[in-house]
Amino acid sequence: MLAVEDLTAGYGPVTALDGVSFTAARGQITAVLGANGAGKTTLLRTISGLVRPSRGSVRLGEHDLTTVAAERMARLGLAHVPEGRGVITELTVEENLRLGRLVRLRRVGAGDLDRAYALFPALAQRRRQSAHVLSGGERQMLVIARALMAEPTVLLLDEPSLGLAPRIVVQIFDLLASLVADDGLTVVLVEQNARSALSIADRGVVLNLGRLVVSDTAAALAGDEQLRHAYLGF
Amino acid sequence: MATLADRVLGRTPLRRHLTLALLGLVVVVVVLESTGQFRNAQFAAMAYYGIAAGGLTILIGLNGQISLGHGAFMAIGAYTAALLLRGDEPFALPLVLLAAAGVALAAGALVGVAAARLHGPYLAGATLALAVAVPGIPVYFGEALGGEQGLTVRVPRIPDWFADAVFFVTGQDMSSSRYLAYVGWLCLIVTFVLLANLARSRVGRTWRAVRDHEVAAELAGIDLGRARVLAFVVSATCAGLAGGLLALSARIAAPSGFTLTLSLLLLSAIVLGGLGSLTGALIGAALLTFLPQLVTGWGQDLGLSDVRAAELAPLIYGLVTVLVVLFAPAGIAGGVLAARRRRAAHHGSPSARTDSEARP
Amino acid sequence: MQQLITTVLTGLTLGMVYAAFALALVLIWRATRIVNFAQAPMAMITTYLALVLIDAGLSYWVGFAVALVSGLLLGALVERLVVRHLTGSSEINAVILTLGLFIVIHALAALVFGSRYRSFPAPFGLRGFQVGDTTIALTGFGVFTIVSVMVVMGLLVLLFRGTDLGLKMRAAAFDQEISRLLGVRVGRMLTLGWALAALVGSLSGLLIAGGGLVHPSYMDGVVVYGFVAAVLGGLESPPGAVAGGLILGLALSLVSGYVGSELVPLACLVILMAVLLVRPGGLFSHVRARRV
């Protein structure tokens, strides 16, 4: 279980995250929703150690992650797929994938690469090519596949649907749902597209101007018309 | 305090610069007349370092272009001066110095056109190549330019009217090193007044705009290339003048006088003083001139041989340069300025006066 | 004809050394966006260390090994103690920093080792090989130069292409944040990158010195040639740096042979300007116009 308590962080004088608390239960998808600039990305970056919080704590099971450096998070089972371009375009597709599994203690051969290619056949055709040539959707598949290579227990996803065709979004969300169901993965899913995020999420968290507005079950959030109009835009 | 300064120095920048220049001239006369031959020669050196550093600090600090090749422009000025002073009837000194500056100006225009399209490390590398390349030219054209040995330079006779005028003011006769120190400082004062006014003018504002907001400047209709070339030319011209003065003071123009080290030391001088500040350039020039003697003395006290002790000064320049870049990018003059602003703010004065020079 | 062959062979040998030096610059540029002008005095000072040991009676190979290892350490130290503390993204500050280091190391060397010219031994013959009754310009030391640079390059290729460590180093160079999220200790990788680059730089310092004279400035020209070679190759690409080094070595050798060695730096300047103005992305770039 990932527990965030009173988390506060900012950039210089700007406070982007102000006293946010919530928990993401094991084997569930927690959607983080909110308008542009609400602080969703900052929340994920603070959880994964890229931004230092000025107050509050982050705990994963019995580990206190608050002061753990970003480069140690992957070893503790936390994977973060950042917003936008997470692909290292100077490397090949396969090298990007290999990077993902470096932190894993249990080394396996090429088997896990095969699994990634099975999940995303589009990547298999381009395994030796520079990641530079991938389309936006292929890049998104690559970063998700790369994050899964580490066999994380918690997966933070920042707007995975951004710029993707609806068909691919469905495919990715289905994949997430099956990973959660089969492997007990904990997912924190940041989305602009609140409707489809809530459709697969178990719980949802709504942020506005850095503060937590509400935290409830996905069904309750989707059913609250006032909230939907005020913050979720559908 | 600010109002007092305004009243004494004049309100408009031009008047203030001219008043400062006059004050400077008085200080120069007093200092040069009250010191001996050796110090006079050192002051002459400080003057040419100051001129070159002033030009370089305007280029780097105001326009954001870096040059490691100013030693090359100094070499061009020095050789020009040496050639013009060779014949049986040498040219008049002002003409010689103007020519030194002029030839460097032409060379600066040539290099500047190319340099305007480069930035950061590329510009640094290209000007570095320039600094390494130019000393090879006189060696190749040994016939005309004296080869490795270089050209010896005859110091022109001191004009009677000048010696008389100084005698009239000070009651002392003029030695040739004092004469050169006067020439150097006159040139420095004129150059600095021009540079300070340029920095305050529309041109200076354009340069700063190009440095800080390249895209915005371009949208505002500023011709980036022209602004960059002009800054480069101005700066190279200063270096040429400085080179001419150097040749006079050293009485020789030789390739070994214009190694890469010279360019690098100039750069460190202005970093120490604070990029973009003419006061800083003067501080840097003073350090280049006077620090070596001081620390070489310490080194000898520690038992180092002369030659090795002479390396202590560059070691200190280099170390301080690194430290300044890492911990106080505004430089020494910048630090003083900041301290003064803090003090002014502390005393509750409404607006701390900005320095009269180029620092924004 | 004889002279042309001589010139070409000399050019190729020199070109290998420039290639090594350019490679050192490219490794650091890729990882930290800094052109390490201090690479020249760093290589100079490690060569002096070798010279001290050799003069003290140890074998050339001990000096050679010590110079390479101390290059490795010096590179790591410079990154840890100096470069790491550079804040902000000002290009000019980065340039000035490496030039400050340049002055410091230069002065230190002159202080400790003196500034007079000292001759540096070569482990192999400096006479051209005999083919029939003509002597060609390829010397035993020349062959050693070419072979050692190729071995080092081969090892680097193996490291970067074939190992997880190399993959991590490349990732850290290209995208620090993503690399951190994937568990790469970026700081260590950058230190290692500087260390390896300094090692390659030291190798070129030893090769330039072999059979010639060393003094504190003897590498100053080489940093220019190395930089130009790196720019010819696009400054980003290790294979480009190698090709650039070979081309530059040939070109400069032709200038030296047919015009005059004094004008070699000037020719180098001309080549640099021509490339920067006509093909800013280097000779081999076909895509992506770059800001130079």
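Going by the order they are written in, the chains are A, B and C; count residues from 1 in each one.
Convention: a contact is a pair of C-beta atoms (placed from the backbone, for glycine too) under 8 Å apart; a residue touches a chain by one contact, two chains touch by 3 or more.
Quick caveat: nothing in here was measured; it's all calculated off a predicted structure.
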| item | value |
| --- | --- |
| By mean Cα position, the chain sitting nearest the middle | C |
| Most distant chain from subunit A, judged by the mean position of its C-alpha atoms | B |
| Of B-C and A-C, whichever chain pair has more C-beta contact pairs | B-C |
| Subunit A and subunit B, separation of their C-alpha mean positions in angstrom | 57 |
| Between subunit C and subunit B, distance of the C-alpha-averaged centres to the nearest whole Å | 33 |
| Centroid spacing, where centroids are CA-atom means, of subunit A and subunit C in whole angstrom | 43 |
| Residues of subunit A touching subunit C in the complex | 48, 50, 69-75, 79-80, 82, 86, 88-91, 95, 98-100, 102-103, 146, 150 |
| Interface residues, subunit C side, partner subunit B - complex | 29, 34-35, 37, 82, 85-88, 90-97, 99-108, 110-111, 114-115, 217, 220-221, 223-224, 227-228, 231, 260, 262-266, 268-269, 272-273, 276-277, 291-292 |
| List of subunit C residues in touch with subunit A within their complex | 164, 167-168, 170-171, 174-175, 177-186 |
| Contacting residues of subunit B [partner subunit C, same complex] | 60, 64, 66, 68, 114, 117-122, 124-126, 128-130, 132-134, 136-137, 139-140, 259-261, 264-265, 267-268, 271, 275, 304, 307-308, 311-315, 317-319, 321-322, 325-326, 329 |
